[in-house]
Amino acid sequence: MDLVLNSGDTAWMLISTALVILMTIPGLALFYGGLIRRENVLNTIFLSFVAFAIVSILWFIYGYDLAFGHNIYGFIGTLSNPFFNNVVESNALSTYAPTIPEGLYAVFEMTFAAITVALISGAVVERMKFTAWLAFIPVWLTLVYIPVAHWMWGGGWLAQMGALDFAGGTVVHLNCGMAALALVLLMGVRKNTKLLPHHLGYSILGTGLLWFGWFGFNAGSALGATNLAVSAMIVTNSAAAMGMLTWMLMDKLKTGKPTLLGALSGAIAGLACITPAAGYVNFTASLIIGFAGSFFAYYAVSSLKSRLGYDDALDVFGIHGVCGIVGTIGAGIFATTAINSAIKGGLLYGNPAQLGIQLLAILSIGAYSLIMTLIIGKVIDKTIGLRVEEEQEISGLDITLHEESGYRLS
Amino acid sequence: MDLVLNSGDTAWMLISTALVILMTIPGLALFYGGLIRRENVLNTIFLSFVAFAIVSILWFIYGYDLAFGHNIYGFIGTLSNPFFNNVVESNALSTYAPTIPEGLYAVFEMTFAAITVALISGAVVERMKFTAWLAFIPVWLTLVYIPVAHWMWGGGWLAQMGALDFAGGTVVHLNCGMAALALVLLMGVRKNTKLLPHHLGYSILGTGLLWFGWFGFNAGSALGATNLAVSAMIVTNSAAAMGMLTWMLMDKLKTGKPTLLGALSGAIAGLACITPAAGYVNFTASLIIGFAGSFFAYYAVSSLKSRLGYDDALDVFGIHGVCGIVGTIGAGIFATTAINSAIKGGLLYGNPAQLGIQLLAILSIGAYSLIMTLIIGKVIDKTIGLRVEEEQEISGLDITLHEESGYRLS
Amino acid sequence: MDLVLNSGDTAWMLISTALVILMTIPGLALFYGGLIRRENVLNTIFLSFVAFAIVSILWFIYGYDLAFGHNIYGFIGTLSNPFFNNVVESNALSTYAPTIPEGLYAVFEMTFAAITVALISGAVVERMKFTAWLAFIPVWLTLVYIPVAHWMWGGGWLAQMGALDFAGGTVVHLNCGMAALALVLLMGVRKNTKLLPHHLGYSILGTGLLWFGWFGFNAGSALGATNLAVSAMIVTNSAAAMGMLTWMLMDKLKTGKPTLLGALSGAIAGLACITPAAGYVNFTASLIIGFAGSFFAYYAVSSLKSRLGYDDALDVFGIHGVCGIVGTIGAGIFATTAINSAIKGGLLYGNPAQLGIQLLAILSIGAYSLIMTLIIGKVIDKTIGLRVEEEQEISGLDITLHEESGYRLS
Amino acid sequence: MKKIIAIIRPNKLEDVKQALEEIGCNGITVKDVKGRGRQLGITESYRGRDYKVDLLPKTEIEIVTKDEEVEDIVKSIVKTGQTGNIGDGKIFISTVEEVVRIRTGERGDKAI
Amino acid sequence: MKKIIAIIRPNKLEDVKQALEEIGCNGITVKDVKGRGRQLGITESYRGRDYKVDLLPKTEIEIVTKDEEVEDIVKSIVKTGQTGNIGDGKIFISTVEEVVRIRTGERGDKAI
Amino acid sequence: MKKIIAIIRPNKLEDVKQALEEIGCNGITVKDVKGRGRQLGITESYRGRDYKVDLLPKTEIEIVTKDEEVEDIVKSIVKTGQTGNIGDGKIFISTVEEVVRIRTGERGDKAI
C-alpha cells in the first residue's frame, strides 16, 4: 500500500501539538504560579515560558535528529538535518507515523521535550538563579532528555527490548521527577517552605488547561485520529477523575476536609500515571491506575517529603516522579492486546516479562536522570551558582531578578 | 456502502469532546467562581470540578448504556456493557454516528452529562453542603439526566415523535434550569443575595472558554466534520454575538449603562438558546433566536426573579432554563430542511406540528426534571441536609468546608 | 478531478476557526486587560468583546461578500448573498479552498476581521468613549478592513500583482497598527501614560491563548490539514520563541534585567512578524524574521514612541504595525518555492521583484489605513466625541462608563 | 474631639455602618486589617499538611467625632458588633487636637 | 511630636506626595482605605439590578512630625489635595509621645 | 493606656509576632501599608522603560497596651525588627483614653 498523507490524522496531530504547547504555556506556568508566594509569581511563570522558548529552537536545530534520527548503538540518533534543513521541503511522511508529515511528528515530539524541562522548574522555584536556569535548559535537554527519549521512543535500546511508555511515564514524568530531586538535593531548603498558595485561581485554570491539553498529549500519542486515540482519551479522562476523587478521600481521612488543591493535585496525579499506559489499557484498569497514582503521590507529598527533608517546592518528584513509576508499572500489568494489537500485553494478560522490562526502564531512566542531573547541577553551581542571594529570596524574585511585580491591585 | 472510520470526522469529534470538557473544567467553574463572594470562590469552583469527575466515571460504568443502549419501552436503555467492557476493544463504529468509533460517541455524550450537572451548581452556590452536592450528583445523573437524554437522543419516545434538540436545549439547558429551580425552592434564600461579583476576570475568561468550547458542543453535535458542522458553528457564533448586543441594549435602556457582565450574560444566553436549533436554522434565524433568548433571559433575571423571590444565585433557571425553552421553540419555528435534510422543518417551513412536538418536549422534560429534583432534593435534605450552618454561610465556605483560601495577595 | 469535501481539511479548519476566535475573546482582551490601570480593566476587555460581536454579525450580512465576493475593478467584492443567504444551504465548497465548505472559509475569514478591529483598541484604552468605539467598529470594518482584505486576499489588485501575505502581516497587523496610530494622533495623550501593568497574570494567560490560537491563524491559513500547515505551525512557533529570547536579550542589555512582560511582548512580536511569511519560509528564516521583528519592535516601543510623543497605550503600532512591516519584507526576502510551490519565491531565491511588490503592499495598505482612519476618527470626534471627560479618565472607565468594578477582593 | 477606632468582624460592617448612620454619624473611614487576640487562629491545609493562620481578617473603623457624641457611638458599635463570641474586637478612644476639612480648609468641630 | 492623618482622594496621592517632598517631609506611610462622608456613594449594576456602594476608595496618609512642622504640612496637603468638591477628605492631628527608629533605636525628634 | 504603632518590614512580621507572643502580648492588629522614608525606592521596568516606585510595602502593627508594658514591647520590636539597613521603620507611641471590649462591653485596662 502506498503511503499517503491522511488529512484526518494530520488534523488531529496538528491540534494535538497545539494542545501540548498550551499545557506548558500557560497551563503549567499558571498551575505553578498560583501555588507559590505572591512575590515570586512572575519568576515562577517565566521559568516555564523560557524553557519552552529555548527548547522550541534547539529541538529543530539538532534535538529532533539526535532523539529520533537514525539509531547509533541504541543510545542516540544521528544529526542528519541540522536546522531542520530539507525535512519539511521533502514532503516526507514520518517513519514513526506514516500517515502524517515528518515535520508534524517532529513538532509534536518537541512539545514533550519542552514540557519535561518546564516541569522540573516546579521543584526549584522561589530560589533558583534565573541565569542558572537559562544554562540548565539546553544542557539538560541535550544530555538527559534527548538520550532518554531516544532509548524509549527513537528506536533505542529500551524500545528494542519492547518497553512500553505510551506517552511519557518514564521519558517525561519519571525523568523530570528525578531531575527535580537532583536539583533540590543540590540547592537545599528554602527559608520558608510553607505551601500557602497565593492565588489558587491560577492553579485551577492551569489544571483545566493541563487536563484539556493532556488529550493532545495522550490521545495524540496514538499519532492519528483512530480508535486507539479514542481509547486513550477515555482512559486519560477517567484516570484523572479517579485521581481527583482519590485525593479528596485521602484529604478527608487525613486532615478532615476535602480540599480543592487536593482535588487538582489528584487529577494531575491521575493524568500523569495513566500517561505511559494510555494506549494499552481499558477503562477499568484506568480506574485502578488512577487510584494507585493518586494514592502513592499523596503519601509522597504529605509524608515522605517531610520525613526525608528535601524541599521539592511544588512536588515535582512527589507527583510526577511517583506517578511516572506507578503508571509504567501499571502498563506492565494491565496492557492488553485487545486495546492495542501492536504490543504483547502485560502481566495480567499472560506476559509477566513485560513487568520486568518496565522495571528495568524505570531503574535505568530514573538512575540516569538522577545522576546526570546531579552532575549538571553541580557544574552549574560551581560556575554560575544555583541559588539566589538570601536577600533576594526574602524580598522575592520578581522584583529582585526582573524588576516587575505581579499585582498592582490597589 | 461499507461503514468505515472517517479520520476527519474522528479528528473533529476528538477535539469537540475535549472542547466540551474545557467548558466545564475550568470554563463554567471560573465563570461561576468570579460572580460570587470572595469567601466562596473555591467551593463554587469545586462543585463543577467534582461533578465532572463523578460523571466521568459513572458514565462509563453504566450511564452511557442506560442513556444510549438498546431502547426499552421508549423510556430507558439497556445496560449491556457495564464498565464499558468490550466497547473500545470491538472497534465498533457508533450506530448514532457511523463514521466514528462508538467509544468516541460515548465520551462525547459524557461531556454533555457532566456539564448539565455542573450547571445546576450555579443556583445553589454559597449555601449548599458539600456532602449534599456529592450525593446529589450520582442520584440526579441516574434518575434525571439519563432518562431525559434517552427520551430525546437515545431513541426514546420523544426521539420517536421527531422532537428536535440538536445539542441540548431541553436535555441540557431546560433540564439544568428546572433542577436548579427545584433545589433553590427547597434550600431557601441566602442571607446575602446581592450579586456583587468578586472577580469578573474569572467570569470573562470563563465566558471565553465557554464560547470556544461551545463550538465543540454545537458544531460537534453534527457528529462529523461536515457542512452541517460548519453551519452550526456559524449560527452558534452569531447567536452569541446577537445575545451579547441585545443584553447591552437592555442594560442601556434599563439601568443606563451597558455592562460587561451583561454582555457576557447575553452571550451565554445567545449560546444557550441556539443550542437546540444549531443544526437546523440559518444565519438570519440565529439572529432572531439570539435576540429572543437574551431578551427573555434579561427579564427573567432582572424582574421575574425578584418578583417571585426564589434565590437562583447565578441565574441558572433565568438564563439556561429560559433560553432552553426559547431555543427549543425557535427550532420548532425556524428549522429548515435546506440546512438539515434529515428533518421535516418547522412552522415557517410548512410543518406546524413540529412546534407542538417541541412544546410537548419542553413540558414533559421540564416537569419531569422539576418534580424528580424536588423529590431527590427533599430526600437529601432529610438525610444529609442540603444547607450549611448559618455560621458557615457567613464566614464563607472555602475556609469552613475546605480549610483553604482563594487569595493570599498581601 | 471532482471537488469533494475533505473531512480532514474541514476538521482542521473548524478548529482553526475556533482557535482564532479564542485569540480575541478572551485572549487579546485579557492580554490588554492586564496591562492597564485596575480602574479600566473591564472597559479594556469590553472593547475587544464588543468588537468581536459586531464584526461577527456584519461579516455575514455583507462583509464576506464585499471582501471575497466577485471582484470589481480589483477594489471590492460584490454583495451577492446578503445575510449569507443560501451559501451554507447550497453545500458549495469554497473557491479559495476547494476541499472545505464555503461557509467554513467565510467564518474563518470573519475571525481575522474581528481580531484586527479588536487589536486597534489597545492603543486607545483608558480614554476612548465607549459609544465612539461602538461607532468606530462597523465604519472601520466596512471602509478599511474589507477593501484591504479584498485587495490582498479576495482577488484584488495586490493579489493580482502577486503580493505575499500568508496570514495577515499587512491586512491584519500593519492595518491595525496604522489605524491605532491614526486614532492616538487624534485623541492625544492620557493624563497618566505610565505603563504599570495592574495584573500581569491576565497578560500571561492572554499571551498563552494568543500563541495557541495563532496556530489556527497561521497554520489554519494553509486552508487544510496539509504539509504546508505543518510547516506554518513550525515556523510560527520558532519565530515566537526567537522573538521572546530576543526581547529578553534587549531588556538585559538596556535595563539590566530580563522581564516577563518583555518576554511576552517579544513572543507577540515574533508571532506577528512571522504571520505574513508563515507559509513561505523555512525554519532558519523564521529565526531571522522572529529576531528582526522583536528587535525593531523593541526600539519602536522603548525609544521611538517617547521620542515622537504619541500615546499608543499598549503599543499596537509599536508591535503589530512594526512587525507587520518586518514580516512582509521578510516574506519578500525569504519566501521559497521549496516550502510553497504556489509562489515565485523571494529575493534570496532569485526573485527580487517580490521585494518591490511587498514594499508596495506595505505602502499602499499602510497609507490607506492611516488616512482613512484619520478621516473616520475625525468624523466621530466631531459628532460623538472620541475622548471621555477628564473626570472619567481620572476615576477610571469601569465605574464611570459601566458601573462595574473588576475586583472586590476584600 | 475624639478618635474612635473600632476593630470589628468583617461581616458585621454592614450592620455597624447602618447603626452609625441612624445616630447621625456619617463620616467614617474603613480599613481591612488582620488581627490576633484571644481568638484562636484558623487552620488551612494544603497537600496534606496543616498550617495555622493566626491573623484573622478584621475590619477597622476610624471615626473622628465631637466629645459629646463618643458615648453614643461606642454604645451603638458595641450593640451591633457583638456576637458574644471571642473575636468580636475592641474599641480604642483617643484625643484628636485638630480636624481640617480639605475641601474648605475649615477647622475644628465644624470640620468633622 | 504630632501625628497627621490625612484622608485624601486616591488620585491626588501623587500630587500630595510630591508637595510633601518639596517641603522636606519625606517620611510618610500610606494606606488604602474606604470612606463615607457627605459624598454620595456610587451605583454599580449587575444583571439589571442596581447596588449602592457607599464606601468609596480613599487614601490615608500618616505622617509623624515635629510640632513646628505641622502647619506647613497641613497647608501643603490642603492645597494640593483640594478639588473643591465633596469628598476631598479630612486631616486629623493628634499628639505622639514617643518615636523610635527601629534601625538604630534612636528616640524622640531625631528619630522622625 | 498606650497605643504603639510599629511600621516594620513585611518579611519581619513573623518574627515580631512571635517575639510579642513570647512576652505575653497577644492582642495585635496588622495592616498592609506602603511607606517612604530615607529608603530609596525601587525601580520597576516595563517594555524598556524604568519607573521609580518610591512607596515600598511595609507592615503596620497596632498594639494597645497598659502603660507599664510599653517599654518591653518596644524593645522587643526593635530587637526583632532590626536589620540595620535603612527602611527598618519606626515606632510611634501615643495615649489612648479608653478601651472597650465589644464582646462584653468591659472598659479600661481589663478590656485590653
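We just call them A, B, C, D, E and F in the order they show up, numbering each chain from 1.
By definition in this document, a contact is a pair of C-beta atoms (placed from the backbone, for glycine too) under 8 Å apart; a residue touches a chain by one contact, two chains touch by 3 or more.
Everything numeric here is computed off the predicted structure, so don't read it as measured data.
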_Each chain counted as touching chain E and chain F at once_ = C, D
*Sort out for me whether B-D or B-E is joined by the greater number of C-beta contact pairs.*
B-E
*asked:* For chain A versus chain F, what separation do you get between their C-alpha means, in angstrom?
replied: 45
*Centre-of-Cα separation between chain E and chain A, whole angstrom*: 52
*asked:* Can you compute the centre-to-centre distance for chain B and chain C, using the mean CA position of each chain? Integer Å is fine.
replied: 33
*What positions in chain A touch 2 or more of the other chains?*
6-9, 11-12, 15, 196-197, 199, 205, 209, 225, 255, 257, 259, 261, 403-404, 407, 409-410
*Residues within chain E bordering two or more other chains*: 31-32, 44-46, 50, 94-95
*Which chains touch which?*
A-B, A-C, A-D, A-F, B-C, B-D, B-E, C-E, C-F, D-E, D-F, E-F
*Can you name the residues of chain E that touch chain C in the complex?*
11, 42-46, 50
*Considering the complex alone, what residue numbers of chain F touch chain E?*
2, 6-8, 31-38, 54-55, 58, 60, 74, 77-78, 81-95
*Residue numbers on chain D that touch chain A, as the complex places them*: 44-51
*What part of chain A is in contact with chain C in the complex they form?*
5-12, 14-15, 17-18, 21-22, 25-27, 29-30, 33, 41-43, 45-46, 49-50, 52-54, 56-57, 60, 83-86, 88-89, 91, 101, 103-104, 106-107, 110, 130, 199, 202, 205, 209, 225, 401-404, 406-410
*Contact footprint of chain F on chain C as seen in their complex*: 194-197, 250-251, 254-255, 257, 259, 261-262, 265, 298, 301-303, 306, 315
